[in-house]
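Got some structures for you, see below.
Same chain, two partners: chain A is paired with chain B first, then with chain C.
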Partner chain A sequence: MQEPRTSAKRMSQTQAAWLLLAPFLITYGLFLVYPFFRGFWISLHDWNLLAVAFNPDAKEFVGFRNYERVMWGRNIEWGFASPFWQGLGVLGLAASAYLRRVDRLSRFNAIALAVASLLLVVLPGFHPGEDGRWYDRRFWPTVGNTLLFVGLAVPGVTISALLLAAALNKETKAMGALRTLFFLSQVLSVTVVTLIWQIMFSPRQGLIANITETFGGTPINWLTDEQFAMAAIVIATVWWSLGIAMILFLAGLQDISKDIYEAAALDNARGAKAFWYVTLPNLQRTITLVVVLQIILHFQVFGQSHLMTQGGPNDTTQVLVRYIYQTGFRDSELGRASAMAVFLFVIMGTFSVIQFIVGREKK
Partner chain B sequence: MNRSYYWLVICLSIPAFLWLVPTIWMVSLSFQPNDVLARTTSTTAFGLVPIPFTADNYAALFAFGQTPWWFLNSLIVSVGMTLGVLAVSTTAGYALARLDFPGKTPITIICLIGLMVPEQAVFIPLYTMFADFGWHNSYHALILPRMAVPIGVFLMMQFFRAIPKDIEEAARLDGVGWLRIFWYVMLPLARPAMMTLAILTFLYAWNDYLWPLVSAQQREYFTITLGLASIQSNFAQSEGLGRVMASGVIASLPVVILFLIFQRYVVQAMTVGGSKG
Partner chain C sequence: MSGVTLRNVVKRYGNVQVIHGVDLEIEDGEFCVFVGPSGCGKSTLMRMVAGLEETTEGQIHIGARDVTRVDPADRGVAMVFQTYALYPHMTVEQNMGFGLKMNGVGKDEIRKKTNEASRILKLDDYLDRKPAALSGGQRQRVAIGRAIVRGPDVFLFDEPLSNLDAELRVEMRVEIARLHKEIGATMIYVTHDQVEAMTLADKIVVLKFGVIEQVGAPLELYRDPDNKFVAGFIGSPAMNFVKGTVRGGEIHVPAFGASVTPHITMPSDGTEVIVGLRPEHAELDRSGDTFKVELTEALGGISYAYLTAQTGETLIFEERGDERAKTSDTVSLSYEPRRLYVFDAETEQRIR
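After this line comes the complex of A and B, so read on.
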């Protein structure tokens, strides 16, 4: 081709690269990298949203005081303060060692279980001693609620998605249609999901109450009963977010060769037996990946708690992101809210790194 | 296909139907008169069949109230964000995947580290920044933060890396410049990946709740997701249950239609998006 040379042609590879990168790098720097560091900087200040809005000098540098005010207290001691959780941690440590020895867990999963168990032994041990108290009485219970939510939603989603995927793992029209039905709720927004379930759970108008009454039962006041509120938002969440997990499992199942199942069938391993002895071991990496993804996803829970229960009753469904939002935008304490946001980032960042490692291992 | 297969399909249809019940219920309630709903929500088949039937809720929604306006806001924000993310992600993804330049590896790593930062960790500083600029309650305030999330760059980079080198080299031998290769050779090839990214972004934009909640405080700038949340809390008294449910249906319509038409891409997008959705 003999065309006159244009300036674009004379542009070197380096120039072209920077030109193409510039739009992204500018937005990335301005709206992600800079805010990230600025968030840390805000967390080192006594920073009132309204006061600083009127007078930019109204903030005061306090170092790590906000972190102390959020996470620590007066006369904090360590001991076996909550035998249940700490005992569970000890059991978890033993289980990880045992399961690793009988080779039912990969090394990676064994380490993960051991670390989680160790944290369970150590963290609940902190408690205020005599005359002591937490500076922020709501922070750790909020973290606890978030963990409880994750602890219920993740197994709920994972187990039901795994069973469904195993059952739906056939390339036929009927199975495709069923998959579509199970996936559909996944595309709805959090406000639609909470709208639906708020009314589903309503003791006066709700579908669940209507059915209970028809069979002569007394309707439960799901969203305002301390015993059921967390269960209610977990149910709504499982309904909402089963789809992705199911699809990831289906993808993982495609990678298991048919020969293994045929060999297993010769050994009389069919149905549930084949699922336990063939599917599960071969799917271990996918399961780990799905669990880590779900932990990251559900640790950020906000809408379900904010819209369905408003964190109540009696703070039983108060979760971390909602507490950050309230501390920042209702109480105007941006410094403390930012300290909590940094805490959130550290936890989520850890899981992102785990996700990255697992994802790499998979390839 | 043997008998056990048909049994399996029948057995699975029951949970699948139960899974659909909440959605059916929302649609059914939206077609029932408000004065009936105020008395009971289970007139016919626990309210799952809209008898008595009315379309008044939808008519009322479009006659007054802000739902159509919020719907329009959501469209503007979602389309704007999708185009913006596509533009910055395809260019940066191409540069990082196919061009050689000093500083490429550090830049790639810096971009990937950004994947670890969740929206919830930066929404407070973003809020103060946008407040300093006086940008809140505007479309660009709702659009810009998402353009900085590197998931799109990551996606496009992976796609461009998989394209064989010789396609590019042939064009280079003909003396075509890098930008033209990007525009005329690479972009047409990248259509499927761009489609996935576009759907991922659109779904995210349409359904996003936290950032619009802090940034858009004036009702004129509410997205439909945010607007629906704002009428949820006092649904029974002011608006009537049927009308709120109709808003819910309207708010879901675009994403459900998108899902039914582009199911393969949507599933792919949501799987890739995963945690970073």
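After this line comes the complex of A and C, so read on.
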């Protein structure tokens, strides 16, 4: 065959590569890289959304003062102010050292555990001294709420998705139908999900209240009770985000050969034992992937809190993204909101890096 | 005291029956090979002994115990899989010790037994490795080691050598034979390779479509097959078959261009039969002109000559001498009549 003749000069391979990459790079730069740096730049200014909108010069460069106003206070001291969390951190440090010495943890996991424990020792130790106060009383409690939410939702999603996947990992029509059914909640939008669960949790007409009453109990005011509001949001979230995790686990489960289970059956490991000794160790990478993806996802929680409880009662379900949203768009304090956003980015960025490293790490 | 007895064993998947009432007696310490073409049910039958497939009807006894409904782990069997089925996240040592650990055996005991097994299988240097870091042959040895460690009454091998290359296969075959001598346990071995069956077995069970065709010692099956299937399956190259008709106390064989009189009880005149003759049981006579030599394969000590009869039937014969047939020679056969096997053309059963 003859090569088609063209009058145009032939492109080199490199040129062609850049040409094909250009649409992505331009979009990525325009909609992700630029806004990120712009956000960081805004966070270094005293920037009122409305004022700057009408007069672009109505902003003032303030350096890191926004960060100070959000995260710091007057007369902040360090000590063993919250013995529970700090004690837990000390235990974590000891456990990491011990498990590493008896070789039950890989070096990477030991370091990760040690860093997390160290943060647990250091961070809760800061507290306002005499006459002192935080500049922003709501910020750290909000961070705490977000952490609590992540701490409940991630294990909740991971464990229930894993159990569901293990139960549905059979090639029958019924299982296929059930898989679709459980995945279905994932495609709903947050407004629909929260609406469904608001009705579920309603103390008058809700399904849960009805069941409680049938058994002679008093219905709980889930969404307005300080003790239950966070739990309600977590339950709705677990139901909502089960699907993807379940699909990932199913894929991981199907990678484990049937022969191995037969060998295990002959070795007297069936049911729960086989799950513990064969399934879990072979799913380790999938579990890590799911956990990290869920962490990154749930740090950004907004809709559930905003639509179900409006951050209440008494700020118990106020989460970081909602606080950023309120600071920026209700109070128009765009500079401070951006500082908080950068803080959130650092947390999520850390987990992304962990995911990246774990993904690369060979067994 | 741990032979295996199958009594009228049946396996059905829904409406499809794959094992049709098998009766079989395997003595204690015997090396029994299930052999047959793909889909003959040999693996299924063994998996029923292991308890990995439910037995639809009939009984399976191991020793004096009826294990038909007993759990795989409680049958006193250990199995070596074709794919090895090693636990990828465990070291060689953990792989071998896992069964004992699951049965609550103490750590020292486990270590003692795994060390013993690794010594027998020459795995000492690899105890800390994971399966991914082992070669195919080493993995196979670990799989065997895992079976040995459990000290089972019955060893089950499901085509254990088919994932290995030819050289290693021969090596492992010898090793398995040695192992059987050393341990002396009952072993059931599934293969589609009749060479493995002949070399390893005390007793061969030939299966076809879920039915036992014949049971016997390797040479017994070779010398005295009950039917055309067994005659063709055992022996390599396979037995030659040509058509014949009984006529006046003789069998007229068009391919041979002659009538033969084998030492059998001759069926009535007109019966259609099949006459079998093994490649190693005839000599080629180059002065004859009954067959044309289509092709020869010289392997060194042996040559195979592919012959075509005037009827179009093809036959293979073996030659060892210095003078061997060449392509497009014409030859005839000389053989002893007692070497001929005769089968009923319709039932394919042997006529003796």
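We adopt the following convention: the second predicted complex is superposed on the first by the 321 of 363 C-alpha atoms of A that agree within 3 Å, B and C clash if a C-alpha of one lies under 4 Å from a C-alpha of the other, contacts with A are read in each partner's own complex, and residues count from 1 in each chain.
Please note the rule applied: a contact is a pair of C-beta atoms (placed from the backbone, for glycine too) under 8 Å apart; a residue touches a chain by one contact, two chains touch by 3 or more.
Note that the structure is a prediction, hence the values are computed from the model and not measured.
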{"item": "Side-by-side fit of chain B and chain C on chain A, or clash", "value": "fit"}
{"item": "Touched partner set for A:257, first chain B, second chain C, both or neither", "value": "second"}
{"item": "Angle at chain A between chain B and chain C, C-alpha centres, nearest 10 degrees", "value": "80"}
{"item": "First (chain B), second (chain C), both or neither touched by A:352", "value": "first"}
{"item": "Partner touching more residues of chain A, whether chain B or chain C", "value": "B"}
{"item": "Chain B versus chain C as contact partner of A:278, first or second or both or neither", "value": "second"}
{"item": "Which of chain B and chain C A:266 touches, first, second, both or neither", "value": "second"}
{"item": "CA minimum distance (chain B, chain C), superposed complexes, angstrom", "value": "8"}
{"item": "Complex contacts: residues of chain A adjacent to chain C", "value": "257, 259-260, 262-270, 273, 277-278, 281-282, 284, 363"}
{"item": "Interfacial residue positions of chain A with respect to chain B in the complex", "value": "1, 3, 5-6, 8-11, 13-14, 16-21, 23-25, 27-28, 30-36, 38-39, 42, 49, 52-53, 164, 167-168, 170, 172, 174-175, 178, 180-192, 194-200, 205-207, 210-211, 214, 239, 243-244, 247-248, 251, 293, 296-297, 300, 302-303, 307, 321, 324-325, 328-329, 334, 337-338, 341-342, 344-345, 348-349, 352-353, 355"}
{"item": "Complex interface listing, chain C residues touching chain A", "value": "50-52, 71-74, 77-79, 81, 83-90, 98-99, 102-103, 130, 132, 146, 150"}
{"item": "Touch list for chain B against partner chain A, complex", "value": "1, 5, 8-9, 12-13, 15-17, 19-23, 25-26, 29, 37, 40-42, 46-48, 87-89, 91-92, 94-96, 99-102, 104, 107, 111, 114-129, 131, 144-145, 147-150, 153, 174-180, 182, 203, 206-207, 209-210, 213-214, 225-226, 228-229, 232-233, 235-236, 241, 244-245, 248, 251-252, 255-256, 258-259, 263, 266-267, 270-271, 274-275, 277"}
